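Naming follows writing order (A, B, C and D), and every chain is counted from residue 1.
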């Protein structure tokens, strides 16, 4: 039986680890919050990240930001990283959504001592984590991905190989920046149509099958009442939060700055989301609530 | 046999009229340029717009801008409009893409004297006009649309009813504004990915089936070499020209200004298209060439 | 004694006409609202715009928008314009802030029948109108401006000659678009500094004498408490209203669209003002209240 | 005689150190490039940064980025920082333009071991460095600034106290972000006026004394031919380079992201500068060359 170590048991990591247990793996978990360790039924608790990473076939991390991932693997200040303490045949999968530079730095550190590492950020939210239907966007060696596949398949429904180390992070932030652009653009187009007398559902249907067609119109319409089940139809509760979109947009813009790319549309969307959070106190709402910036009374 | 009058025989109107002839209608045509009249085989030429509109079951106009449509129907200066000279049972269909205010003004003028009028702007470009596969987005009465349907079906493959008078124009410019936003956003996301080491085809595939999915990724990828047959793969020749997109964006922004709507993403896209035309002299290129603003060397 | 006709006696026109009376001119006034006519002490009331324009040395109009100015001078529908009814030696001065195309069209109409016309939009607000300290930005012939100067000097403190017909309007909207950009930019820079620990007054002083120096920092600081007497220090009451700035930005963007100019910064400022009005219900606040978009709790 | 250590002798640091020598200080200098050390006549060369910082009354650093400043003072990897090796009565002045977080981190490190530190980024460019007319924007204790003043006065003409540690950096990037906004806004306003028939010099004069007045119009007009001596009138050679403005905008946007501020105007200006560099290959031109984005043929 394949053994898996798992560190980072929050809203995403917890259910992911639980799905690995359910999938028949021998799972060892660690989190700085003891209650989260206890919450993963059927897993064994480890005393430290290093202990969770010790003597396992596959080690998975799910952490908030690049500094945490760097710290875990490479060390920070006086605290040593865990890379040096791992078996050389342990496959490392970092599922955190972090900046590509950190992802590449840690993968490089792993490679130097002969360890294989994948960056495999996810999309699909907490529902996807719970239902095992996440999408993984993976950077790293093809062969490492093949080894990882049986494990990832217990947690997700789609696996994409984006390229070498860091490519998973790059692809994810490109996608999410584009998502912010099209959601914001869709919201303002709907507001323009409605304020000129159109029915939002009719306009949505027309654009969906025309050249304005996009994911938001297909499955995540931001206008209340158009699409049953979408966050817009339940006061923008749940879903993918404005604050999480802001985080991903921050990563995208950092990446663009580092590579000297212009991203005027993504930058404007990021600023509109920031204004939306500030004036509408909307950090905890679904990101389709950007509709309220264009039509405050929806 | 249904008789149809047709005024405005340019790149779009000419083939549309030809398709009506081919569809078995009795077609009477007029254009200020005599050669264009002569070019519609099988149609009879009229000496004036009023003559083309006289004693027909259906009258269709396909003109460049709102002022031309207002002038044709309502008159301009000393020149009288043709509305007063038409049979009261003639159905009017204006297929021009114009500002909604003009569309509503003309429809109102027609209604006052008992005439039915539809605004029915098209999408699909010259290829759609030639192949009879245009999309019509129609504003006006449902009953008028039913009368128009047999005629429209000879010229197009899709017919949408957007709402009352002017709604066709509103829906079209909402759609095209959104199209500009998603094409621009897609282009900048692809440039960001490529400059961070990703293959544009791989990144396109990932985003297409993820939350960044949109029409541009599906059928009109702006990055050269990714999609065979797309304008991007033939030096951005043909397709939907930058100057036409600029015109449509102008209509969208005028409409937004009139209704007091904010459209920050659409406005930025319009400005980027303007900069693109200025610095890249790209008015005559396909609109997906906006890719060059983010990656000059593609 | 020079005789002056004056049409349009609102918040601006009323005090301007009163200053002409005080300056010793023989003033004849008209407005569609009779009470406004009666309110100009010392002026004689006319029964119509045409009557006010009849047999005067100078005729001045102060109207809301281009359509009103076109209608007044050139006629609209069945109503004739007043140009044809004026003495050929009457000098026309339109002080309205309108689109340059309308200004040019009316000046052209005047010229065709031998009349001299100036476009002379003002800045300085109602306080400037009352105190006779307006700034006039004038388009038209130099010789006409010299004839106008004694009249304008009773109403204003500064007179600029921007160029030929329409140039006054163009210069004013260029200036006001730039004003919107620098006010918005100043507000966001101040918010950024304050949220990073700086005192807004100290930061303002530093930027004022550095390369960030601009009119807003000099005399119209948007941050509450920094500048006594500025609208920001009295809850953004009075001053130059958001809705008036929105109107001027609309004229600027129409002009840019007509001439095929990109104005990304002006367009974004216009959209931010629109969002600000929508989410903060701020149409009636001073335009420096854009500060609230970047720091809602000021 | 006051002794000063100086590290970082590039285009800015070299002349600054020379001015200290000329001002009568006993100056000890270091740079990784030996030729730069030799170029400072009258200074003694040190073998290392630590040697230059040893036993001096004042120590000054002028380095490219936050990572270099952190590395110098706090160490990086195995290389120790110099803080631990300095006299406790040595006053530290970092004149680098870096991110505020790094400035605060280093100041904190200094404070922990009893050393006083100022962040004192400059403006004024290489000409200001050579002529001793720089502007210093200083963060740190008032008492430390008083000690620093005699030294700073040999290198600069203006000294501002922005606040506590890091405040100098914050104030500088706020100012420079605002500068980018007003330069870009001025350039687009001038292009709009010119393309509508105005003379750029006349329009500039009008806006300069109106509410559009700003530093660019006063001393740095971006339109060629308007202002003798400005970079615009010498093909945008020299001055403050586009690439340096891009660097400062990057710092501003990083700071805004860290503090959760929206800066839509600054972000758009940053993206326009990026596009300008990409399509016009303008990284080495003066930053007022942004005019070319709005009027390619200037």
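Structure notes:
Keep this in mind: a contact is a pair of C-beta atoms (placed from the backbone, for glycine too) under 8 Å apart; a residue touches a chain by one contact, two chains touch by 3 or more.
Quantities reported herein were computed from a predicted structural model and do not represent experimental measurements.
With steps allowed only between chains in touch, the distance from chain B over to chain D comes to 1. Contacts with chain A and chain B are shared by C, D.
The distance from the centre of chain C to the centre of chain D, each centre being the mean of the chain's C-alpha atoms, comes to 39 Å. Chain B and chain C have centres, each the mean of its CA atoms, that are 37 Å apart. Centroids of chain A and chain C (each the mean of its C-alpha atoms) stand 51 Å apart.
Within chain C, residues 260-264, 268, 272, 275, 278, 293-294 each touch two or more of the remaining chains. Against chain B, the residues of chain A that register as touching in their complex are 100, 123, 135, 137, 158, 160-164, 166-167, 170-171, 174-179, 181-182, 184-186, 188-193, 195-199, 202-203, 205-207, 209-215, 218, 220, 252, 255-256, 259-266, 268-269, 272, 293-294. If you check the complex, the residues on chain D that touch chain B are 268, 275, 278-280, 292-296.
For chain D in complex with chain A, the touching residues are 250, 253-254, 257, 260-264, 267-268, 270-272, 274-275, 277-278.
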